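The following blocks contain the structures, represented as C-alpha cells.
Paired with subunit B in one complex and with subunit C in the other, subunit A is shared by the two complexes that follow.
Take a look at the complex of A and B:
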C-alpha cells in the first residue's frame, strides 16, 4: 500500500470561523439558517418519504467523504469538492439542504472546523445559498434543454455547480459588507472573492459533471434531477438477439 | 472504527471536562464563544483573558498537547487572512518597523486571530471530551428537531464505515497503478465519487430496511436521558461567566 497519510481534515477555505463577522450578523444568519432548515425539514419528506433519516444520513456521509477527495490541479496543489449542487441534483434540494447542514454541524462540533457562532453563517452560505443557487440554475437550464433528454443532465449540473460557488462567495461578501470587522474596500473584496471562486467553481463544475455523468450511466434512477426526463424513455422489446 | 473519516477529535479520558454531561458542555461552549465574539474590536486585553480561559480548559481535559496543536491546522486559512488584513484594509496608517499598515486592519487582524484561536481551542476541548454518541444525546436533550438529530446520528454512525470504503477504493485505484498528479486524473476520481454515492445510497436503503424489520417507526427512542446537577451546570457555564465578566468590565470602563 502506498497511500500517504493525509491529515484528517485540512482547513477548507469556505468555512467562516468565529470572530470573522460581528455578533449581530452571526445571530441574524443563524435565524435565517433556522428558518431555512425548518422549511427543508418539512419539505424533504416529499423527496424521500419515511426513509428520510437513514438515507439523508448516508448522503451526508457521502458529501463529507466527497469533500475529502483531493483533485490535483498540478504543481503540488489540489482542490476539493464542496458538493452543494452535486447533492441537490442527486437527492433533491430539500434533502441536500439538510445533508449539508448536518455536515457543517458535525464539522464544527466534532472536528472544530468552522466557527460555533458562525455555524448559522456557514449553513446560510453553503447549505442554503450554495445548494439553492445551484439547484435553481439547474432547474432553469433543464427547462430550456428539456427536449435533449437525460444526456444533458451532467452538463447542466456542471454549469449549475460552476455558478453556485461564486454566488456563495458573493453572498459572503454581502455579509462581510454588513458585519465585517475590518474596513476592506468592498469593490476590491468583491472582485477578489468572485474572481477566485469562479476559478474554484470551474473545478467544482467539471467534477460535478463527471460524477453525475458516471452515476447516470449506472443508476440513472437515483439522480433526482433527471427524474422527469427519464420517464420519456419507452420500453423496448427486442425480439432478435444482437449479433 | 477504521478509516480516517471515523477518527475524529474524540479522545478517551476521565478528566473533569470528560465527566460533564454533553448538553452542559455544548451550552457552555456556545455561551462562551458568543460572548467572546461580542467583545469590542479594540478590547485586546479582555480578548487575551478569554484566550487564557480557553487554554486552561484545554489543559483541564488532559489531552496531549501535540494532539491539540495538530487540530489547530483548521485555522490556517484565517491566519493567512489575518496577516494579509493590515495590508489591504483602509483607514489611518501606522508604521511597524519597515512597513506601513492600516491601523484598523491591524487591530481587526489581531482580533480575528485571537478570537478564532480562542474558539477553536474551546471547540477542541468540547470535541475531544465528547463522543459522537453523547453529541447526539445532547442535541436530542436540547430539543433540536428529531429528524435533524437522526440524520446527524446516522451520519456519525456511518462516518467510519463509508470512510473505510472510500479508503479501500483508494487502495484499489492505487494498486492498479493510478497516481493522481494532474487534471487528467479527474475523471477517475469523479467516477469513484459517483460509485461512492451509489454505494452510500444503497447502504442507506439497506439500513432503512434493517431498521424497519426491527420495528423502526421513524423515531429514535431516548433510552438513557442526560441529567445534570446544578454543580455541573455551574462548572460548565464557568468559562462563559468569566467571558461575561470580561465583557462587562470592558463595556463599563
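Take a look at the complex of A and C:
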C-alpha cells in the first residue's frame, strides 16, 4: 500500500482529528494557539529581514512537502517529519511557529488533514510545543558545544529534533488525560505514544540533520541557530553578484 | 556545478533550488510514502479510541486526503494535490514573511 487513499488514513502523524478531545479542551488549546501565534506575529519581525524572509518561506514549503512523506517505522506504523526543530534552527523559533501554523492551516482547510476544531490543538502541539521544545534543547546543547563552531549545528539540531517528537507526543497525552473523549488507561497511552514517537523521532533527527546540514554547507550566514557561532570566525571578503 | 568553493550561492538561487526539491518531494516522491497508519493513528487503533474521530468538516474538499477529486489515477491525483499544496503554502508563507520582515538587513550581503 503506497498511496494516500487508503481509507484508514484519516490524518497524518501527530495531526489530531476532530473528536479525539472534548469541546472545552479544544477551546482551551485554540486559545493557547491564538495567543502563541499572536505573540509570534509580533516577535518574528526581529528574526526576519530581507535576507532571511525568503528562507522562512522556503522552510514552510519544505515542512509541508516533507510531511507528505510518511516513512515506515515498523510493525505497520509510519511517521513523518514534524519540522518544528528544523524550522526553529534555520529561521528562529518565532518564525518557525508561523511556518508550522501556515502548514497546519493549509493541511486542515484544504486537505482535510487534521481536524478543523482540532486546529488549535495541532498548532499547540506542533507549532508551539514541537518548535519550542526542539529550540530549547538545541540552545542548551549549543551552549555546551559552543567552542566547536557552526559545524556541529546540524548534529545538535538533529538531537534536539529527536527529543521534540516524544515531547510533543507527551503533550498530546497530557491533553488527552484532561479532555480525551474515549476512556483509555493513561499509563498505556503514555507508553505507546512516547515509545512510538521516540522511534519516529529518529527519522525526524536524521531529516533535520540533513536539511540543516545542507544550508550550513551552502549559506551558514543564513542559519539563525548558527548566529553567534559564526561571529567568532574571521571576516572574509565575498565577491557576490546580486542576481 | 559551480567550481568556486568560496563563492556562496545567492539567496534567490538557494530558494529556487529548495523549491524545486520541495516540488519533487510533494508531487513525485510522495507517491511512495508509507500508507501505514502513523504513530498517533496506530496508537489510537491499538488502544481503541480511533473511532472517536468525527467526520472531517472539510472531508468533502476536492483535495481531501491529498488527492484531487475526479482524477482516478493515484499517481496523478496525489502528485497534483502535492503540487497545489506547495503552491498554496508558498503563496501564504512567502507573502506573510515578506509583510513581516524588517526592511534592509542588519548585516550586508545580497
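As a convention for this text, the second predicted complex is superposed on the first by the 201 of 243 C-alpha atoms of A that agree within 3 Å, B and C clash if a C-alpha of one lies under 4 Å from a C-alpha of the other, contacts with A are read in each partner's own complex, and residues count from 1 in each chain.
Assume a residue touches a chain if its C-beta (ideal position, glycine included) is under 8 Å from a C-beta of that chain, and two chains touch if they have at least 3 such contacts.
Since we're looking at a predicted model, the values are computed, not measured.
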Quiz item: Taking the superposition as given, does A:102 touch the first partner, subunit B, the second, subunit C, both, or neither?
Solution: both
Practice problem: Identify the partner contact of A:79: answer first if only subunit B is touched, second if only subunit C is, both if each is, neither if none is. | Solution: second
Exercise. May I ask you to decide whether A:147 touches subunit B, subunit C, both, or neither, giving the answer as first, second, both or neither?
Key: neither
Quiz item: Is A:169 in contact with subunit B, with subunit C, with both, or with neither (first, second, both, neither)?
Solution: second
Practice problem: Please work out whether A:197 is in contact with subunit B alone, subunit C alone, both, or neither, and reply first, second, both or neither. | Solution: second
Practice problem: Name the contact category of A:210: first (subunit B only), second (subunit C only), both, or neither. | Solution: first
Quiz item: With the two structures laid over each other on chain A, which partner does A:221 touch: subunit B (first), subunit C (second), both, or neither?
Solution: second
Quiz item: For subunit A, which residues belong to both interfaces, subunit B and subunit C?
Solution: 1-3, 6, 8-13, 15, 17-20, 41, 44, 50-62, 64-66, 68-73, 78, 98-99, 102-103, 105-106, 108-113, 115-117, 181-182, 184-185, 188, 215, 218-219, 222
Quiz prompt | subunit C-facing residues of subunit A, complex | solution = 1-6, 8-20, 41, 44-46, 48-62, 64-66, 68-73, 75-80, 95, 98-99, 102-103, 105-113, 115-117, 169, 172, 180-182, 184-185, 188-189, 192-193, 196-197, 200, 215, 218-219, 221-222, 236, 238-243
Practice problem: Using the touch definition up top, name the residues of subunit B that touch subunit A in the complex. | Solution: 4-5, 7-10, 26, 29-30, 33-34, 36-38, 41, 70-71, 73-78, 85, 88-91, 102, 104-105, 107-109, 111-112, 114-116, 118-120, 122-124, 126-127, 130, 132, 135, 145, 147-148, 150-159, 161-163, 166-167, 170-171, 174-175, 180-183, 185-187, 189-198, 200-201, 203-205, 207-208, 211, 218
Practice problem: Would you pull the subunit A residues touching subunit B in the complex into a rising list? | Solution: 1-3, 6-13, 15, 17-20, 22-23, 26, 37-38, 41, 44, 50-62, 64-66, 68-74, 78, 81, 90, 98-99, 101-103, 105-106, 108-117, 181-185, 188, 206-207, 209-215, 218-219, 222
Quiz prompt | In the complex, subunit C residues that touch subunit A | solution = 6-15, 18-19, 21-23, 25-26, 29-44, 46-59, 61, 63-67, 74-75, 77-78, 81-82, 84-86, 88-90, 92-94, 96-98, 100-107, 109-110
